[in-house]
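Order of writing sets the chain letters: A, B, C and D. Residues in each chain are counted from 1.
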Amino acid sequence: MSRSNDPAAIVAAQSVVSASRYSFLGPAGTFTEAALLQVPGADQAERVPAGSVLTALNLVESGEVDAAMVPIENSVEGGVTATLDAISVAHELHILREELVEISFVLAAAAPLALEQIRTVSTHTHGWAQVRRWADSAIPEAEFVPASSTAAAARGLLEETPVADAAVCSPLVAQQLGLSVVQRGIEDVTGAVTRFVLVSRPGAIPPMTGADKTTIMIPLPQDRAGALMELLEHFATRGVNLCRIESRPTGDGLGLYYFSIDIEGHIEEARVADALAGIHRIAPGIRFLGSYPRADRKTQLLTAEVSDEAFTAAAAWISSLRHA
Amino acid sequence: MSRSNDPAAIVAAQSVVSASRYSFLGPAGTFTEAALLQVPGADQAERVPAGSVLTALNLVESGEVDAAMVPIENSVEGGVTATLDAISVAHELHILREELVEISFVLAAAAPLALEQIRTVSTHTHGWAQVRRWADSAIPEAEFVPASSTAAAARGLLEETPVADAAVCSPLVAQQLGLSVVQRGIEDVTGAVTRFVLVSRPGAIPPMTGADKTTIMIPLPQDRAGALMELLEHFATRGVNLCRIESRPTGDGLGLYYFSIDIEGHIEEARVADALAGIHRIAPGIRFLGSYPRADRKTQLLTAEVSDEAFTAAAAWISSLRHA
Amino acid sequence: MSRSNDPAAIVAAQSVVSASRYSFLGPAGTFTEAALLQVPGADQAERVPAGSVLTALNLVESGEVDAAMVPIENSVEGGVTATLDAISVAHELHILREELVEISFVLAAAAPLALEQIRTVSTHTHGWAQVRRWADSAIPEAEFVPASSTAAAARGLLEETPVADAAVCSPLVAQQLGLSVVQRGIEDVTGAVTRFVLVSRPGAIPPMTGADKTTIMIPLPQDRAGALMELLEHFATRGVNLCRIESRPTGDGLGLYYFSIDIEGHIEEARVADALAGIHRIAPGIRFLGSYPRADRKTQLLTAEVSDEAFTAAAAWISSLRHA
Amino acid sequence: MSRSNDPAAIVAAQSVVSASRYSFLGPAGTFTEAALLQVPGADQAERVPAGSVLTALNLVESGEVDAAMVPIENSVEGGVTATLDAISVAHELHILREELVEISFVLAAAAPLALEQIRTVSTHTHGWAQVRRWADSAIPEAEFVPASSTAAAARGLLEETPVADAAVCSPLVAQQLGLSVVQRGIEDVTGAVTRFVLVSRPGAIPPMTGADKTTIMIPLPQDRAGALMELLEHFATRGVNLCRIESRPTGDGLGLYYFSIDIEGHIEEARVADALAGIHRIAPGIRFLGSYPRADRKTQLLTAEVSDEAFTAAAAWISSLRHA
């Protein structure tokens, strides 16, 4: 079975997403807003910054916004595990879309400035950690002033009494605020990418594009050897690949945990639906958190035995036997 | 899910079997006919002895009889592997029923006789092998005269020139021919049981009784480590137990073989149907050879996760997600 | 790891076998004797025909002969299941060697004879079943006279009162007795091959040749779904292929059975030894029945991860960690 | 096999740890230092605060300190993923010990103060997120002043120009600095526990205590369905339970990732060593990151088939066969 990146399907998948009000992990100018701005139409929509991932998600659940963009992987402004736990356990939300954003920092100032003039630098502690080697070498004398986010640090430069001479922040916020960029690309590790997801209340699932991902949460029924293998057999016997797996304590007892898993494929594909149905039997508490286009557009080569055709043929065979 | 030996279902299962003409591995009086006579109504039906398992099956395929009783496991008159290969590969036949027959031998003569008077004993070589310890001790001087079956040996006693003084045969043939039983229960190993199956052309499947068995034939797609495991995972993930497994060369090439497998359960049960559908994807050449009541009436305790209810709930869940 | 058919090793493997007295499933001239005559030196050794597989094996156990040749697969003279059960359960014997013999029949007579002259034909019932199509066409009027073996039928032609005009038998016995061959190759299915094994008391194992087979018997600890899979995982995780698998009732209770298994490889290979050790933990009743050269000399392509080198490297790594 | 919490072994395990100089994720008074102070003798040892997890680990690698205490799970001061990646990929370090610390916050001030008097509160953004519900209710008017750590916020209260009226910090730092505790236990979720690990250069492994954990890093050889299952089979066939599993991108290419895994048991146990050796064959890049006592002292009930005795018996059996 060949699977392709069907352009029409990708457009259709995006139409599910179109919204007029979004929340995101703020303040304005964070990498999370940069992720949100990658969503077609989001630049024209209302964008509500939230003080935390939970607040951003609460705005969706209460209906005040249509969808929320939040970080799902290790990010500068944090919130990762919180996001995973929030959408897996606490909230009833679905993922509509994922976005990858390259994490690159600029050193910005209110006005043009030489590196030598900088005595104090403000940013989030995680942002600071990611430019430390550069800072030790380029501005060794500068003192670090912690801020609650990289965007807040940038904004602090414009206050009456600026919190610092310069800020380490995203290119986006520097541009939004009209700051002067002293130096670009100051991150110690280049090419780092963070993953964000757009979540909304359960509703229509973005149509299959041929390069999709499905996120699920599976509470493990028992804490014993082989329990995870039993789960994985359901994927393996249907040729379903894992993109990510994480065990997380459920927080409500001894030895109980859940698995947060991303798999390749869309719930409209027979092999994915069949695998999830199999797991539902052994873990009825399984939660479907969304099928959505992969940001990296990677497709998977499927063998004949896990094609939709193979599932259809198998079902027809059983039916013919039962109704002979 | 509780499963019981539903008497009404057992009766219903038998009604599928009711036939007016049967073939069996003959001649008259073999253990195979004894198995056939255990089928309700067979004592009133026409019973056609066949010279070999293949002949018995051919009579079914050609429509000359409705069903054939043949040995499926190690038996006195042989034919086991032949039966398995015949119904798995060559013929398009279904198993309707299985019968267990206790293999017990009598020493019979045309007229009352003392053991000391016996100089020659006729029987099938396999029958002779099963009473050798008794014969060595009870009639050490008697000479063995081979016959083509235990029943033929019995019949030979009544010829004008009898082939021997006595015959080792089934209680059935001794009774049918009105022979005098010199000694009963002369088998060296008591309690041995042989399994026979009743096969017919594909048609209605005997209804589920709560203690059923399903026989399948699976050509292995590839000769490599793990290929069998891949098959078995489909059973294990649905809680389907094996009763019997045998690998057999297909006879048409190097390294190619098929698996003959009996599993617990009936194709009307969701877990059985789901497992067979899964295997159909990886081995589309799989052949269904019948679902039928177990002769031993053993039931299996099913866990909740493989009950029909669990399959129904899982399918409903997937459907609710897809049509949100 | 490259594995080859090392000629020196093959010679060495044969030297383990060299014996001066053999038993075999007789009488003289059976296909079993033909298999025995394929063993280097056996034509010069004493060959003791036995009336049954069990008798042949008893002669080995008691020390009266050094080794016994018996059929292990479907054969004309039977004995297959008996052999498997005998060496798996009852006896403490090891397989030293396997032989493949092509099953081809001749129609033989005491003196040159035309087909038209033949009124009666003697042979074993199983032999008769294998030439029936030919007989129906070539000698349709001939009557079948059962014999206890094909060889006995041949010998019966030379008696004072011959049992029949001709016999269906092996080319070997026709040659041994100086019979006249009326027609060669009369078997209905050509190319059929039967497998025989040479067994002896436990002792030195034939050295590895690069194309070997290991036979084991594993009593299944529990009758439940997944029990067999648990066994097979031990093979699969070491890349050990199966050549044959059969479940057999142990005969001592309800629902208890054992698996008779042939695997590719020799116990001197790390992957085989490691797999058997793993199974020994879950089924301590496992019995090793021999590692011996494959008759078909087929070699297996091993991946790096299951080579002896990989096992040695892994053990060295663990040792280095433990003794840091 | 019974396994117990052997007090002598626990003492022995601690002796491996005894060190005179430690680094930890600073500054002084963090929860990480609280974890360090749970190590016997650490209160008397030199404790060097480090600005980041990487700095703390670098101090160990360079030999400036003997061991470092760093957070390994979701923590107030962050660093989790960094820690995992650091010890899994970048550094050659072993875990000697794990510590669980209950995360409870106090509201502290330089001098006794009523809640009503508080206008500004300083703390780390993650700390602030964990007391937000309490703050919204108890000090709704107070403004949040971000700090680079909870301990830095506490220290800021004592500066000439205090950064805020009060600080949200650990009980430890409040005590160390002699601050006045306005309110205890202000965390929104009580009972939260964070896990920390003590790492050092590879050397002696803490002896087995009967309730141990082993941490490993496994680069996945191939990105395909079943690859993880193949790994897990090695644990399952030895009855080795998982405590935690996380897939992480290796950061050096497309689709390549590693698994960070904690398993139950100690490398001195046969089942653990055998499983790791098995995985070494398929993933030679596997890294052992330490066997150490479990902080929760939970023991595992082992079945006979995975006891050290079972492994010893299996090895003895193989040896007896090979040297017959």
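The definition used in the following text is that a contact is a pair of C-beta atoms (placed from the backbone, for glycine too) under 8 Å apart; a residue touches a chain by one contact, two chains touch by 3 or more.
Given the structure is predicted, the values throughout are model-derived calculations rather than measurements.
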Interface residue identity across copies chain A, chain B - same or different by half: same
Averaged-CA centre spacing for the pair chain D and chain C, given as whole angstrom: 59
Centroid distance [mean C-alpha coordinates] between chain D and chain A, Å: 25
Residues of chain D whose C-beta touches two or more other chains: 233, 236
Arrangement of touching chains [line / ring / star / complete / other]: ring
Full enumeration of touching chain pairs: A-B, A-D, B-C, C-D
Chain C residues touching chain D - in the complex, by the definition given at the top: 202-205, 230, 233-234, 236-237, 267-268, 273, 276-278, 280-282, 284, 288, 305-306, 310-311, 313-315, 317-318, 321-322, 324
Residues of chain A defined as touching chain D within the complex: 52, 54, 74, 78, 80-82, 124-126, 128-129, 132, 144, 146-149, 152, 223-226, 228-229, 232-233, 235-236, 239-242, 244-247, 254-255, 298
